[in-house]
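Mind having a look at this structure? Questions to follow.
Think of it as A, B, C, D and E in the order they're written, each chain with its own count starting at 1.
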Amino acid sequence: GETPVRGGILKFVVGSKIPSYDAHMESTFGMIHPIRPFYSLLIRVNPENPSSPTDFVCDLCEGDVPAATNNGLTYTFKIRKDVKFHDGTPLTAHDIKATFDKIIFPPEGVPSTRKAFFSSLDSTTVPDDYTLVFNMKYASGAFLPAVAAPYNFVYSKKDLDENGYAWHQKNINGTGAFTFVEHKPGAYVEGKRYENYHHEGKPYLDGFRAISAPKMAVRLQAIRGNRAAIEFRGFPPKARDDLVKALGDKIVVQESDWNCALQFLPNHRRKPFDDVRVRRALTLAVDRRAGSKYLSKIAIVKTMGGVVFPGHPLAATEEELSKIAGYWPSIEKSRAEAKRLLKEAGAEGLEFVLLNRGVDQPYRVVGTWLIDQFKKVGLKVTQNVLPSPAFYDAVRKKHDFDVTVYFNCQSIVNPLADVSAYISDDIAGNNYAGYQDRTMDKLFDQMNRASDPAEQRRIMRLYEKRALDEEALQFITLWWYKINPHRSYVKGWKIAPSHYLNQHLDNVWLDPDLM
Amino acid sequence: MTVSDVRIDPDAERAVERTPRPAALLGLIARYPLGAAGAFVVLVMIFAAVFAEAIAPYDPEDNAFEYMFTPPGAQFWLGTDDFGRDILSRIIHGARTALFVGFVAAVIGATGGLVLGVASAYFGGWFDLIIQRVMDVFMAFPLIILALAVVAVLGPGIDKVIIAITIPFIPQCARVVRSSALAIREMPYVDAARACGFSHARIILRHMVPNVMAPYLIMITAFVGQAILLEAVLAFLGLGVQEPTAAWGLMLKSGAEEYAESAPWIPIFPGLAISLAVFGFNLFGDALRDALDPKLRAQ
Amino acid sequence: MSMAGAAQDTGPGAASKVRKGEVLLQVKGLKMYFPVTEGIIFRKTVAQVKAVDGISFDIRKGETLGLVGESGCGKTTTGRCILQLERPTEGEIVFAGQNLVDLDARALRPLRRKIQVIFQDPYSSLNPRMKTGDIVAEPMYVHGLEPDATKREQRVKELFSVCGLSPNLTDRYPHEMSGGQRQRVGIARALSLNPEFIVCDEAVSALDVSIQAQVINLLEDLREEFGLTYLFIAHDLSVVRHLCHRVAVMYLGKIVELAECDELYDNPLHPYTRALLAAVPVPDPEIEAKREHQTVKGEVPSPINPPSGCVFHPRCPLAVDSCRSEIPDLRELKPGHWVACTEV
Amino acid sequence: MAKILEIENLQTQFFTSAGTVRAVDGITYTVNRGETVAIVGESGCGKSVSALSILRLIPDPPGRVVGGSIRFMGMDILALSDAEIRKVRGRRIAMVFQEPMTSLNPVLTIGRQLTETLEHHLGMAREAANARAAELLGMVGISDPERRLTQYPHHLSGGMRQRVMIAMALSCEPELIIADEPTTALDVTIQAQILELMRDLTKRLGVALIIITHNLGVVARYADRVNVMYAGKIIEQGSALQIYHQPSHPYTLGLLKSVPRLDQPRKEKLDPIQGQPPDLTRLGAGCAFRPRCRYAVERCANEIPALEPVSEGHTSACWQKDSLDQPLRDAS
Amino acid sequence: MYNYIIKRLILTIPTLFGAAVLVFVLMRLVPGDVCEVRMAGFGTFADPEAIEICRENLGLNDPVLVQFGQVMWGYLTLDLGVSMWTGQPIVDEIGLRFQLSLEIAILATLVAILIAIPLGTISAIKQDTWIDYVVRAFSIAGIAMPSFWLGIMIILGLLITTQALFGTPWMPPIVYVSPFEDPLGNLAQVFWPAVATGYRYSAVATRMTRSTLLEVLREDYVRTARAKGLLEKIIINRHALKNAMLPVVTIFGIEFAFLIGGLVVTEQVFNLNGLGKLFVESVLTLDFTMTQQLVMLVVVIFVFMNFLVDLLYAWLDPRIRYG
């Protein structure tokens, strides 16, 4: 309700480091947070309502986000005429086409990390300088969210033509709210206000400085010591409490469910996890309700949910969830069933190793909790925590684990794309549990092509039930929970369900009265 | 004149007098008060490690969320951690991990160094030169990458941690032992052994190795402390022993990061345990050095 | 305990008789140069310490040869070469007909038994971590002289009492003994292998006068008892006179004079030998008051860079021009009296 | 004759874990101006400790002078303050130590080590001190003294170092020099050079000298008076002639008999003192030499003999001093 | 002397080569690669084809020997290559961070010297008195405390005390400012890490100072100095310390070399953009090229410091003269 004030430099801390500047190939928030403000997207999550998983607005296009026409086979975007790149080149639909062509149809040898999200797209065309058309192979609810993904920085066609596709890895020329000033590797990235920014009156800030700080404690103390005003990824609950306790109303806390599912995967290739009874016992052993209550005090997880992001219309309701194994209201009953199943499968007192990733929050904390949960049905579990590279190697390449903690952490909330991790591993790029289940594949396909949301939702329930309960393919512990305590003088920034979203900073301002 | 005429000296029969035990102990304590304090700490630690099950009031691994973050008090003397586990019990059980890692790494490292150092000094020449160069490489090599590689290649686990810690100990000890052994090699008794035609192995094992025991023992005690500390650092970097095993470095890792302020007992007590243990071993090692090294002895 | 060929008549007065005995050890043209190197991998010899520079002598069975000279003149090095602790640069060491220099380690082993050593420092010549009994027993064990443990123990006790030590001392550590006792243990160790020849490198120098006399007597007794041959290295001229049959005087790696003991002391020829004898104070104030106190000038030069010609010329009262360039040979001036000086 | 040093009943002990070492156990002697007094005795009998006690250089702990008095030129040394004793050390009483190899500081130049005393005690300026140092080096027979001043001890041979030590001792023209085994580590020819030098200089400068040695020859040649020590006590005291020609203590007698001598015909056998020197922590009630003494009688076990006159200026601490045979005199 | 230096330098080649091989082999033995971490390390979807392209571009698919040859060729041509993570030249990346690490290392050394030498000296002079015990306990505590723990406690202590004192919590700056631009700001940043590292470092040096000084104080020449009537102060400073410093210098040299690698933890805790932090990041992201060169840097510094210590030794100790 306050009017934004112009001026000031926003300092924020970033916990991961920048690889290259080219978002089309990178995937870390470590480059999104500092680099995203230099670029614009075609469409983006509504900055005023980022917590809605379905509310997109135009950034470089005009008016509202266009709905699909031609039975969902055509999207026609009108491009703004008042946009200029930081180097002065005016932006046209050709630039956007070139951008999406790079992302979706990259030439040989050019890596594009998320082109699979656009499998429903056939081609892009530019009827005139300020119109861009996406022609679809088939209608898909997953397409628009994919376009709105924060990685889809719009580059200038001129840069791509003249300097090649690698140029953006080391150079920055966007249309975003800020222009690039300097990057001291390992230290900070600095940007200053872009005077010709296409959103009227914005940005409010004179500039920003994204300070690299890989240690959580440092990021926290930086905010406390006012060396930085905010951190965009999220703090553990205790850190929030410490800050609030120390600084009182100088701190504002924003919280949200996070579009990251913390999973645990049984290795179907290995005995006895090829036995559905054993797998079901695993999920039945886990008391998600109590976990939600207690773990949310020590880890960045909170909401109990199924395969779909809890805030999304496609997500299961509490009642629907309660019918899924592992989500039953009575934990005693669950555990009794788990023990029974184990006994039946001849796996009583089974000993195995829980593979985990060497990151504290939330992996190691939840892993430790899981072990205790398993112990309660008589399983003897030890933990094997590996540094990230070795962890990926073990899970993805070598498939060398009994049960592993895993995570599915997407940027834009796009359930239809996100749940692709549950289809057969020979089709899905990111299913590491190692099973083939053609029923799941069929359900997924139907769901993706269903144009009626209610129908989609119905199939999703079947899909979910099969994955988590009937076939007990892979499991979710809890959904992540994003906690962003920040200096109360930081205004205008709204928490989104992902730390990748809403990071263009054009709407952020600093309240001088509170500084 | 015949042999029987050679007079046997009258003093010969005088028995060697050795101070009786308890008096000797008190004497040692008076002479090395810091060392005695160190020895006490070490003994307490060993006691805790051996009888952990009997002493620890709770299971060190059981989650009890109802009690999470309980401050130190009557029920939990040192409080509980984020999982509601009793910190005292975890520290007691942690002594076992620490001592195990410490002793095994120290003994293997120091013994490896002993053998290499003595052999290197005894043979000299090219053998010495090559060993020295290889040692140089390991001395100069950053520990963390060595540890990381060992853990990554072999997988984590206490045995791998021990290997990672042991490797840098070997050259450290070899260096020290070599310099003592070089001096010993010049000793007339080694010459005497050579003049008697003893084999290399015999000269090394019987005549040189026992005489570099002092630096060896000193290195061992120093290494135990270092190993405990290194284990903690590796745990801090996420490379050591893993949850839910009770280990000090691990307790500190999460504690120091997140709960230093709101629940200070979580990081403080394991931190103290580590410091105290390393402190104890160092004090003990220092006293041992003083006692074994006549040059430093306060007369 | 018996030992073959114990010479009966080895008192000092019997020196001339000994001269006729068979030669046990012959040193011919022995040179030992230690390289002074630089660099660690690419060793380059930048200079040489001519510790022993071409000396020859022989020792007959039962004889004691004294080797005297100032510090650093190469006495110890000579001894070490004979013991094969050092491989000489040049020259031959013929022991009982075999040239030790040619032998490899294995061929040397049986001969090692026959040549033993007693060191100067009673503190460092015994392994501090071994009981003295074990120190004496070990060589016998290794050489298989007395494979049976109890017999070996018995023999250790015998050796102890031979050396004037109480057999009860076998389970003491060296540090629990006095210097004199330790030196006796060292002697017992040397005897344990029934050697024929013993190198005594300053075997009594580190001991106090009263103890020194005890050990000298012991060495004498043993020589008589077992017919031992000694190379007696020392710098105390009076001790050497007391104990030796013949004496060689070394200076800077060379033998400058070699003669029968009495001949040398009564009639020293080389200016260096004379200077040495003049420098020894006599424990009698009256005599000392009468003696003229002429000291030789200067210091011993470095063996890295020895003077040209006669090595003694810079300090020599008799030096003439030719001494500066010509290296004097060892000449036999009288029968059995050899001198390396042109001016006497 | 003016007495410059009077030591009376000096007792110095070391308190160690193995017991109390009675290193110096009540010794009394005086030193007159210009006189050379020798202290002889076996290793460990307390010679060095008695000398160090004079300058109060006994390391404390564990050692302490526990009794007696030391008067130097009328001053009570034991009562001086730290600052006062420092004015005596090096300035009025100088010391020369046994080990020339280790007694000089390896990292300071010869010049620095010489000049620091001059600057400290005599307040000389750097240049003056340097000039004087060069002069001193010349005096002790070191050639090219200016160059030597800039050299380090390791550049010098043992004999040279000992000369430097002597120059250092002489630098402030002290009244007394204590030389603790100044030549033991040196070769005979060098030893003779050094001793001659010391004697010449002390005679010329009128400095009193306490010379500690276990070489009986050296004593015979250089000492005016001799103190023979055994187990922390002086057991015989007298002029050199008296000690050598009428030894009145079995120990002195034994010492003289046990050395082979160049001035006498070769003997068949030496006649050593049997046994070992006693352990100073476990001295019994009687005479410390009794276990090794061939003249010992009943009384020796219970009563410690005191120093008593044998003849004019000659004392001995032995109950049997009058019944010793005197073979030495006859032998020569 | 020059000969000696050159020979010493030649002698370092096997060490350097050995280290280069060791790090190369170790890094290849670690499972996983930088592309996996970079593109698929954050839980978001990643196209396997893109990862493969990344590997191809970085040469990770080349035979290992070829890769090794490239590294070695790089050394011969003094080309350290580019970081696999950022694609920036490694020389630039390291250059940026070197100043800070060096500054802290030097400052920590200063702190260590300032603590170690006086404390070690006092402790030796007052051997076996309570002062000695306190100093020894203090210095051993420096070794005993895990450095990350110490660092965290320092920051927390600063935050809490400054808040208690001034109402607002203060923490050291987390972004590096050059001492030439803003000396105070720079000092505020590097002071605490320097103290945290310097304390630990001093602990080693204090003990060394104490023990060598104890040895030296028993030397004959110290007794000589006493006999000369010198002031105790002069005896300690001129005669004893100068000799005792020789081994202490070695310790300082070797510890300094370790420091660069040992800053790893401190830099993390204080968020200093130095080599240590870069090192950890490169190791954790499997940035082979960067890790290789950083390890080599540490090794070179170690070797160089050893060399320097030798020279210093020669300079300080007149007894040692090299060819």
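Everything below uses one rule, namely that a contact is a pair of C-beta atoms (placed from the backbone, for glycine too) under 8 Å apart; a residue touches a chain by one contact, two chains touch by 3 or more.
From a predicted model like this one, the values you see are computed outputs, not experimental measurements.
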item	value
Of all other chains, the one whose Cα centre sits farthest from chain C	A
Interface with the most contact pairs, given as the two chains involved	A-E
Rounded Å distance, chain A centre to chain C centre (Cα mean)	89
Whole-Å gap separating chain B and chain D, where each centre is the average of the chain's CA atoms	48
Centre-to-centre distance between chain E and chain A (centres being mean Cα positions), rounded to whole Å	39
Euclidean distance of C-alpha centroids - chain B vs chain E, Å	24
Two or more partner chains touched - positions in chain A	215, 217, 246, 387, 389-390
Two or more partner chains touched - positions in chain E	30-31, 128, 152, 156, 280
Where chain C touches two or more other chains, by residue	40-41, 178, 180-181, 214, 217
Interfacial residue positions of chain B with respect to chain E in the complex	33-34, 133-134, 136-137, 139-146, 148-149, 152-153, 225, 229, 232-233, 236-237, 249, 252, 256-257, 260-261, 267, 271, 274-279, 282-283, 286, 289, 295-296, 298
Parts of chain E lying in touch with chain D, wherever the complex brings them together	128, 219-221, 223-231, 234, 238-239, 242-243, 316-319
In the complex with chain D, residue positions of chain C that touch it	11-12, 70-71, 178-181, 208-214, 216-217, 220, 235, 237-239, 241-242, 261-262, 265, 275-288, 293, 295-297, 299-300
Of chain A, residues touching chain B in the complex	215-217, 236, 238-239, 241-242, 245-246, 290, 293-294, 297-298, 356, 358-360, 364-365, 367-369, 371-372, 375, 382-387, 389-390
Complex contacts: residues of chain E adjacent to chain B	14-15, 18-19, 22-23, 26-27, 29-31, 127-128, 133, 136-137, 140-141, 143-149, 152-153, 156, 160, 207, 211, 214-215, 218, 257, 261, 264-265, 279-280, 283, 291, 295, 298-299, 302-303
